[in-house]
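Take a look at the structures listed below.
In the two complexes that follow, chain A is the common piece, with chain B as its partner first and chain C second.
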Partner chain A sequence: MRITQGCFSFLPDLTDEEISAQIEYCLGRGWAIGIEHTDDPHPRATFWEMWGNPMFDLRDAKGVMMELDDCRKANPDTYIRINAFDNTRGFETVTMSFLVSRPAVEPQIIMRRTEVDGRAIRYTHEVAR
Partner chain B sequence: MDDATPTTIDLRAEYEQSGVREVLDELDRELIGLAPVKSRIRETAALLLVDRARARLGLAHDTPTLHMSFTGNPGTGKTTVAYKMAGLLHRLGYIRKGHLVSVTRDDLVGQYIGHTAPKTKEVLKKAMGGVLFIDEAYYLYKPDNERDYGQEAIEILLQVMENNRDDLVVIMAGYADRMDRFFSANPGFRSRVAHHIDFPDYSEEELARIADSMLDAQGYRLDEGARAAMAEYVTLRRAQPHFANARSIRNALDRARLRQANRLFTQDRPVTADELCTITQADIRASRVFSGGLDPDRSGRKDDPHEL
Partner chain C sequence: MNEMSKTEITDKKKRYAAGVLKYAQMGYWDGDYEPKDTDILALFRITPQEGVDPIEAAAAVAGESSTATWTVVWTDRLTACDQYRAKAYKVEPVPGQPGQYFCYVAYDLILFEEGSIANLTASIIGNVFSFKPLLAARLEDMRLPVAYCKTFKGPPTGIVVERERLNNFGRPLLGATTKPKLGLSGKNYGRVVYEGLKGGLDFMKDDENINSQPFMHWRDRFLYVMEAVNLASARTGEIKGHYLNITAGTMEEMYRRAEFAKQLGSVIVMIDLVIGYTAIQSISEWCRQNDMILHLHRAGHGTYTRQKNHGISFRVIAKWMRLAGVDHIHAGTAVGKLEGDPMTVQGFYNVCRETHNPVDLQRGLFFEQDWADIRKVMPVASGGIHAGQMHQLIDLFGDDVVLQFGGGTIGHPMGIQAGATANRVALESMIKARNEGVDIATEGPEVLRRAAKWCKPLEAALDTWGNISFNYTSTDTSDFVPTASVS
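== the complex of A and B ==
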């Protein structure tokens, strides 16, 4: 099942040139770039593994692309996303996040219904491989 | 409009449009002397312009290797020229951003095993799209210690210089003789650095002009006596140890301003604007250079080479 999270996820996967261009945009706005990866795409799994430190003082997207290549090499069959952090006073948060890599076969996210007291229904989501 | 290859290219117009002219004019205007350096930069600019024209006409062209080495004594303008070079390469479109990251051994080499590679990569990432300026590059290589981490930094640098030629330009700078030894011990660098530019020492007349322009920029001037004293100072200072060309001049002027301020402060009457701007003979003649140079007991101090 194709996971849709962050920007551009309803579009076809971005090519490396497109990723570069998006990073250029982020750097142009003074945002810091971080690379994160995970094998668990559950929507509640907000904390992914960081790949190195966030990059605060880059001028060119090439620096991020080098790290991304390293990350892909080290984690070939995982989800990788790029986060752009805006440190402007009042924001101080991730302002843009998009997927840049997916595993060849993506896991399913299935919904489970559980009947509890008084025939109430509880819904949970699970990642099924 | 049309994608057809043009049949002619006006190099003169290219030269004007690309903004290369501004950089070269700025170089001529702001840097005194350095004639061989300027002509080498002009040649490099011409080569790159021609190369760009060839690419546009669809002729065979290869991204030229732009890594450079700047050799010369301290204070001859290597860093200043490196900044100009970054601007030039940016305008010609050989680097995307045109910033300069200036580093020394400490920024590249780590202190323990596994520390060097991330440190060097960090610097390289910052320099992507611009110029990486490695001052005193020969300190990276320490032949007497085979476990030195400098070797690791050298290997990463060589790899990036080869694989990321489109992304960054490396300029290495240092004393001529030590750079020569560095290159002969590291053949990898020798073959990857195409342009060697040698920075000559300044003549006395050039140093006098440099002094004038430095003072001018700060809103000071020398009176007649001070001008003569300055010329004498330059002659004497050159013969003494640790002479660092323009940097020594800058330090001498800073100290002259100090003495001038002290002189004005201790005199017992109001000062005029003219007095505030003028450095007199007395301010310069008080330098220790005129009384035989370095004190014997201080000349051993290596950490303070520019102080007099």
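== the complex of A and C ==
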């Protein structure tokens, strides 16, 4: 199944040129770019592995694309996302996040039901490997 | 200032002689008054009765919303009464509206209990709107000093934490109200929720009048809806939510419903504005203790916000709600089926989302407002909007907004999932194009047409609604042209 996390997952996968244009947009607004990867796309898997720290001092999309290439080579067949961080007071969080790589075969997410009191159910999700 | 700037009687014997004095003579008008940083400021638009002097009318507003009664009372002299009197300090004719005046009133902070919207409103809008010498009055705007803001906790979650919890960054959130609003059984209702969320929406929503009617008991609704929410999450890998409306006849029942929503793992609950300010503050406190996002539907507001000459501007309600502590608030669409001048609506959004509002007369913001780091409220655009307006909505409101397409999702000719997908594709295409430097205000329709070439549901949506617009004149616009003061 296609995981639709991130802000462009309903569009056809972005080309490198399109990724680069989005990075330019982020850098133009003074946001720092971070690259993260994982094999666990659970909806609540908050902390993906960082491909180094967010690149606070980098002002050129080409540099990010080189890092992304390295990350893709080192982590083939995983999910990779680009995050942009805004450190403006009152925001101070991720301000944009989109997927730039997916595994060839994406895993299923299984919903497990535990029947509890009355008709209530506790739901948990598991990534099928 | 001329000789009109002070008309207060300063001779104490004359001032406190039994009888009736003009409000201005009692000290509720001071054209020389310089508001303190800690004063609460209010701007009223007043329409005095024929023959009533606007300055005396303004003084009466200040008097009736603070210490005055209709006659002189000697017991004032037991108090530091000068400081308890609110002071009207500026009166200006409203541009283009003969007979109407903007009157500015300052209130000392001691007049208000900390952390209570009920107390604030009992003063500011308690009596004065029924006052006979005024034909009509409207509370246009307020400045809430930092010292006062810091007595409120504000939104339990706020925009930043909501996005972190939902793992959703870089685009507006998408929602839809379940339709028809009345009559669906719990099972049928949950079906609509599942289809909308799986198709691409982040949130589905109860409508304001879905509570616990004979056709659908609230527990049934909650159970089926949460099955739908969790299944949609499994099918997409995204965090999904449904605003479970917990509005009920008593606080006890509201807490009961909120607890059940929490047990079932909902990320969000919903209330209606009609439950009242104190109930809102109470449930906000519950949400803060239970990691719950709080959605507020502004049900009923149109009865007092819509007409320019009488009532309360919605920007004031938005300010009160940011203090009272809600995470979402319906704040208008400008382009949809419900009332809203675009600039005025942007003013409401700025009240919800900015850390500091500068004076912005075109958007109806008459005062500078420092929010003292109180969290931001996510505005919700809902009511008669569709995918074909995506470029206008993003251009008007930016990223931090929930766009809710109810009929525009559920009424899609190819089904609810297709309706949701059309909206999501329209949204993501438009954000991507904007970020690439496309001027979406003018080229938006072309962006949508290009996406519709590969996305059939979007093509069908544009064919169905592409030409629908609601071009009616707004009643609530800002009368902002600055003119000379009458005093």
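As a working rule, the second predicted complex is superposed on the first by the 128 of 129 C-alpha atoms of A that agree within 3 Å, B and C clash if a C-alpha of one lies under 4 Å from a C-alpha of the other, contacts with A are read in each partner's own complex, and residues count from 1 in each chain.
Basically, contacts are C-beta pairs under 8 Å (C-beta built on N, C-alpha and C of every residue); 3 or more make two chains touch, one makes a residue touch a chain.
If you're wondering where the values come from, they're calculated on a predicted model, not measured in any experiment.
S.K.: Please tell me, clash or fit, for chain B and chain C sharing chain A in the overlay.
M.R.: fit
S.K.: Looking at A:A120 after the superposition, I want to know if it touches chain B, chain C, both of them or none. Which is it: first, second, both, neither?
M.R.: Only chain C; A:A120 stays clear of chain B.
S.K.: If you count the residues of chain A that each partner touches, which comes out higher, chain B or chain C?
M.R.: When the residues of chain A touched by each partner are counted, C comes out ahead.
S.K.: Considering only touches as defined above, state whether A:F91 meets chain B (first), chain C (second), both or neither.
M.R.: In the superposition, A:F91 touches chain C alone.
S.K.: For A:M66, is the partner it touches chain B (first), chain C (second), both, or none of the two (neither)?
M.R.: In the superposition, A:M66 touches chain B alone.
S.K.: Does the superposition put A:T4 against chain B (first), chain C (second), both, or neither?
M.R.: In the superposition, A:T4 contacts chain C only.
S.K.: Which partner does A:M55 reach: the first (chain B), the second (chain C), both, or neither?
M.R.: After superposition on chain A, A:M55 lies in contact with chain B alone.
S.K.: With chain A as the corner point, what is the angle to chain B and chain C based on their C-alpha centres after superposing, as a multiple of 10 degrees?
M.R.: 100
S.K.: Aligned on chain A, what is the least Cα gap between chain B and chain C? Give it in whole Å.
M.R.: So the smallest C-alpha to C-alpha spacing between these two chains is 16 Å.
S.K.: Per the definitions at the top, what is the overlap between the chain A residues touching chain B and those touching chain C?
M.R.: Chain A residues touching both partners: none found.
S.K.: Any idea which chain B residues touch chain A in the complex?
M.R.: Interface residues on the chain B side: 96-97, 99, 118, 121, 124-126, 128-130, 164, 167.
S.K.: Quick one: which bits of chain A touch chain C in the complex? Just the residue numbers, please.
M.R.: Result: residues 1, 3-12, 18, 21-22, 25, 41-44, 46, 83-84, 89-98, 109-111, 119-123, 125 of chain A touch chain C.
S.K.: Would you mind writing out the residues of chain A in touch with chain B in their complex?
M.R.: By the definition above, chain A touches chain B via 52, 55, 57-64, 66-67.
S.K.: Per the contact definition, I'd like the list of chain C residues that touch chain A in the complex.
M.R.: Chain C reaches chain A through residues 160, 163-164, 167-171, 200, 223, 226-227, 230-231, 233-239, 263-265, 355, 373, 376, 421, 424-425, 428-429, 431-432, 435-437, 451, 454.
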